[in-house]
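Chain nomenclature is as follows: A, B and C, assigned in order of appearance, with residue numbering initiated at 1 for each chain independently.
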């Protein structure tokens, strides 16, 4: 089950500052797209605006056919849009199991809830081992996995991830990205992946957008962008 | 020059449990220098900065000020020594006026109210905020608040200024004006250390650059050299694993 | 331009005072004298009415006590719920010196003051490290502990029965037959606290207290020793509060734990008055007292004290209303209006 996302003429920011200027992008159902850019380009702002954490100043966000521009963050998981924030943001004093339960809260009455829990434990075996451990005690990689699993619990159609590679060792990064790719394929999810680590992001995605100082400067299939100097220039300040 | 460096970092390491945030970093900041410290997100720049400003003590290694060990000196003592700093999340005193904000810094070396006020006014002129002196800091623009923090640090009669991502959130024009201000202060003899994300800014300063990745110092040189170093580019863009 | 040790700023050494608008102690002095004249006239007008003089005396006293609290609570932002303890120390010290040794309160308010400061600093040293509401809770606990101790150490405090101070009229004893001298003493005390508070606010300590209140990290980065500043503010505040306690003891000539250490009647009242009047402003606490104290008397007179604690209910309600609609208090709101008016007239 997947869904499309369409963002048109989006302006957003914090307080008086406008961070995103006229951002347009589209994700087809079932696609994995990456949004890459240097730090400060506005990647997190973009996800936060789509996820309803901060209000858009103007523009439109369509989830499938529904206009979600004005919807507050807590309504979106029930509509099929879930975000994995940077660093995972688990509840440190709750166990892994409890974190997962909270993730599935919007589906708690549904018949799929039990099945979702079992499935998640199967997809992420390491969480099964650690299910009664406090989330705050997990290692960086485990935390990221738990955060993704928690998002999966809400049975999303579209999942957004904010820099899942931060703080992880290169080996761990590769593991997490493989997991994301496999997960998307298995459940037919649409994925929007925001990343600083360009190489990994391009490897795992179908298409990519390059964000520089709040505007999209390039959009192309990921295979084409891998050696494109526009990315290097955007990152290295040229 | 036998004089010890204004700030010297020697084999500085900081661990948080099993995680090594800063690993064996060494460099000198000489009097009158302008040094930029860059690195990708999560590289350990903030931790390094906190070690320099006294918010964290090191796990091992030293921070030296003109040869004296200040590794465990708390932040206010470092400010008293003449190491001024700004904050990444603007920490202006919002219900005080711009002038009063700077006076808080000025009072360090001047006990008298009118002396502090005069000095503060002087500093505000230097950073171009003189006509906003009596406006409450809470209503200043972000760019003005960044200048105000710089002004408050300068009012300490500081010898070195440590800027923590002072360009964050500023638009192109504002960034240029802050670059000009910092360049001017540097030309007047101020020693400056800059933590920066925006690599355009670092190129604009045209001074020495140090790159941190995974807590380690991986490059040290001019912007042109450092930013075309394949190891540095890889640190920023990421590496394709085998 | 030499690259010497000290960074020497460019751009002229002539101070241009014209644009620097900083309120000085001198300005406040004039304002305080103005207030003094107004109250002096009021005292003169009401000199024959003991009922009104009594209200005036309490208004001045609590205005002064709130002003003293405000030094650490408003300027410094450290919400102490334990100032009742310093008040009680002053009161008990003066009571003991007068009762046992016949020493004049004019003299004994000095040791009372010192004792209050010592206790304040000793208790604040560990508790100032507490963040957020925990400091307030710790000071509240201090007040409760003091209550228990006051009941227990009856040799010093007279225990639960308290101490009745004999009526021996005379200036040296600070005991008078009419209310007017008391009102004048309280008036004098108010002026003193206003002057001290103004001197603190318009000085380095005042700026440092505000900086510590607004942002401790920024304060440290400006070379401020946060703990030392808090302790200094607390010391001044506690000293004045102690003196207030001494004066109170001689006014009602009776001290016991409920009278001195009831949080709702004393300790919290300093806070409430300051908040309603405008915490953090110089004259806010006085404005709060001018509103609250006469109002309390009015309520008590009308309801005849039939519903116990009713005055606290009203105070609490007032506080909620102010918190919702006028957060900056009376003086704070007035200042905001003034700023807006000034801003508009400049367009």
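Keep in mind that, in the parts below, a residue touches a chain if its C-beta (ideal position, glycine included) is under 8 Å from a C-beta of that chain, and two chains touch if they have at least 3 such contacts.
Everything quoted here is computed from the prediction, not taken from an experiment.
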Review point. What chains, if any, are shared contacts of chain A and chain B?
Key: none
Review point. Any idea which chain sits dead centre by C-alpha averages?
Key: B
Study note, to complete from the structure: Chain centres from averaged Cα atoms put chain A and chain B apart, in whole Å, by 33
Check your understanding: Any idea how many Å lie between the Cα centroids of chain A and chain C?
Key -> 54
Check your understanding: Hey, how far is the Cα centre of chain B from the one of chain C, in Å?
Key -> 41
Point to revise | In the complex with chain A, residue positions of chain B that touch it | key: 19, 40-42, 141-142, 168-169, 171-172, 197-203, 227-228, 233, 236-241
Review point. Along chain A, where are the residues that touch chain B in the complex?
Key: 14, 16-17, 19, 38-40, 140, 163, 165-167, 170-171, 173-174, 195-201, 203, 213, 231-232, 235-238
Review point. For chain B, which residues are in contact with chain C within the complex?
Key: 31-32, 53, 74-76, 79-80, 84-85, 87, 91-97, 99-100, 103-105, 107-108, 111, 113-114, 116-123, 125-126, 130-131, 133-134, 152-154, 156-159, 184-185, 187-191
Review point. For the complex, which residues does chain C have touching chain B?
Key: 1-12, 15-17, 19-22, 24-25, 202-204, 207-208, 210-211, 214-215, 217-226
